[in-house]
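Beneath this line is the structure, given in structure tokens, with notes to follow.
Chain naming follows the written order as A, B and C, and within any one chain the residues start at number 1.
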Amino acid sequence: METALNTLNIQPGTQKKLSLISFSGDFDKLVAAFTLGTGAASVGYEVNIFFTFWGLDAIKKKQGRALVGKGFLGNIFGFFMGGLRSAPVSRLNFMGASPQIFRYLMRKKNVATLEELVEAAKVLGVNLYACEMAMHILGLEKKDFIHEVKEVLGVVKFLEISEGGRTLFI
Amino acid sequence: METALNTLNIQPGTQKKLSLISFSGDFDKLVAAFTLGTGAASVGYEVNIFFTFWGLDAIKKKQGRALVGKGFLGNIFGFFMGGLRSAPVSRLNFMGASPQIFRYLMRKKNVATLEELVEAAKVLGVNLYACEMAMHILGLEKKDFIHEVKEVLGVVKFLEISEGGRTLFI
Amino acid sequence: METALNTLNIQPGTQKKLSLISFSGDFDKLVAAFTLGTGAASVGYEVNIFFTFWGLDAIKKKQGRALVGKGFLGNIFGFFMGGLRSAPVSRLNFMGASPQIFRYLMRKKNVATLEELVEAAKVLGVNLYACEMAMHILGLEKKDFIHEVKEVLGVVKFLEISEGGRTLFI
């Protein structure tokens, strides 16, 4: 973020802020969240993304359908959630074929894919946070997530961080 | 809210504001809305929740699948919506078993359940509003809702109340 | 907008702003977006709606299930998306009967229907924008949309336009 600020010549204290609550694990909504987040970061916004519930899937280290999460029920949710590479589309999912079609279309049209958008978010200094309560319910721990996750937070702390800017629930 | 303000020593006019449009009746999204709402209220925010469409389910007095709503079609929606205790999960609903699993996990992990969150919202002075237009479409009346519902409002009035703070559509 | 401003005697520079990212093509969420948008515009807000992904459906010129969109896969999505008149409801869709029921209820109760709300948005000077990236992925062009669409934009440009007001993701 420092670098981005310097490059863009933004005065401290005048930086715009965009915060996203990434609740849905749907492929298309994750694309939307990361497109907004990286777009905003690329023009010097402070960007905070708070992953909660199904959204936690996007930041899991272990991709694919795996038994992540403690306890039997945690495992079941971990299995069905399955991480970034198995995120379903919110509509017209065609039994799981749709994300593949989207990936194909995005690749073909030279649009950044979801994986590339996540990479870009890391590079652009987007702040990634994980929701403490949802992790607790789903039996997930910080070590289950990619190391770019900055902090595990509660809702109140996130409200504080995101104060003074726009916040979208996706 | 008065009490909360006094306890937290907040100057009048400097109070932060969080407003939520609770559109979805999904169990997990209601949990998200009430977690955000009670979290914000607990640190002195003015919190306004505007229930509309499926979200109206969360504030119905009569719980369970009941024929609430006037007219035959209103009845059908009332029956399928069914209130807080039959709210489905937005994903992986497993034919209605998933909310029970979530409730079990939340109880086991000592996380406040949805019912407890709704209770907390009342105690913390969260302002609950019902959407006039959606009530009209679904044939619902103020008497169908819990008495904590402060007012039946149109969208314009809610925009006015929520002006000057953040608003999330959930 | 000029007219609305004059009628309402609003000072330039003090105008309130509401921006909506219309991502979902669901009938009920489109009703929510246009109700918020027209409601806000009717009391003098500057209203910007950014249509992306499934939301693009709402502004398509050619209604009904048609092969809009270039290429075979674009065609498939075009066919299943099908435009405003075939938008499904996000819950309880009853194999496509539900939007009809909603339309019936809205007509019967004298609530503006979705088509009427879209018309109202045009009359009230609501700014309609289409998302460049989603159009690119889905193979849509500006000529596929109703002529009231003001501009085709990227996310960064929309963030700039919507800065200084509230933004909701619907």
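Keep this in mind: a contact is a pair of C-beta atoms (placed from the backbone, for glycine too) under 8 Å apart; a residue touches a chain by one contact, two chains touch by 3 or more.
Everything numeric here is computed off the predicted structure, so don't read it as measured data.
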Category of the chain touch graph - line, ring, star, complete, other: complete
Interface residue overlap between copies chain B and chain C, same or different (over half shared): different
Whole-Å gap between the CA centroids of chain B and chain C: 25
For chain C, residues that touch 2 or more chains besides their own: 166, 168-169
Interface residues, chain C side, partner chain B - complex: 16, 18, 28-29, 32, 35-36, 39-40, 42-43, 45, 90-92, 101-102, 104-106, 109, 111, 166, 168-170
Parts of chain A lying in touch with chain B, wherever the complex brings them together: 21, 23-26, 52-54, 73-74, 77, 80-81, 88, 133, 136-138, 154-156, 159-160, 163, 166-169
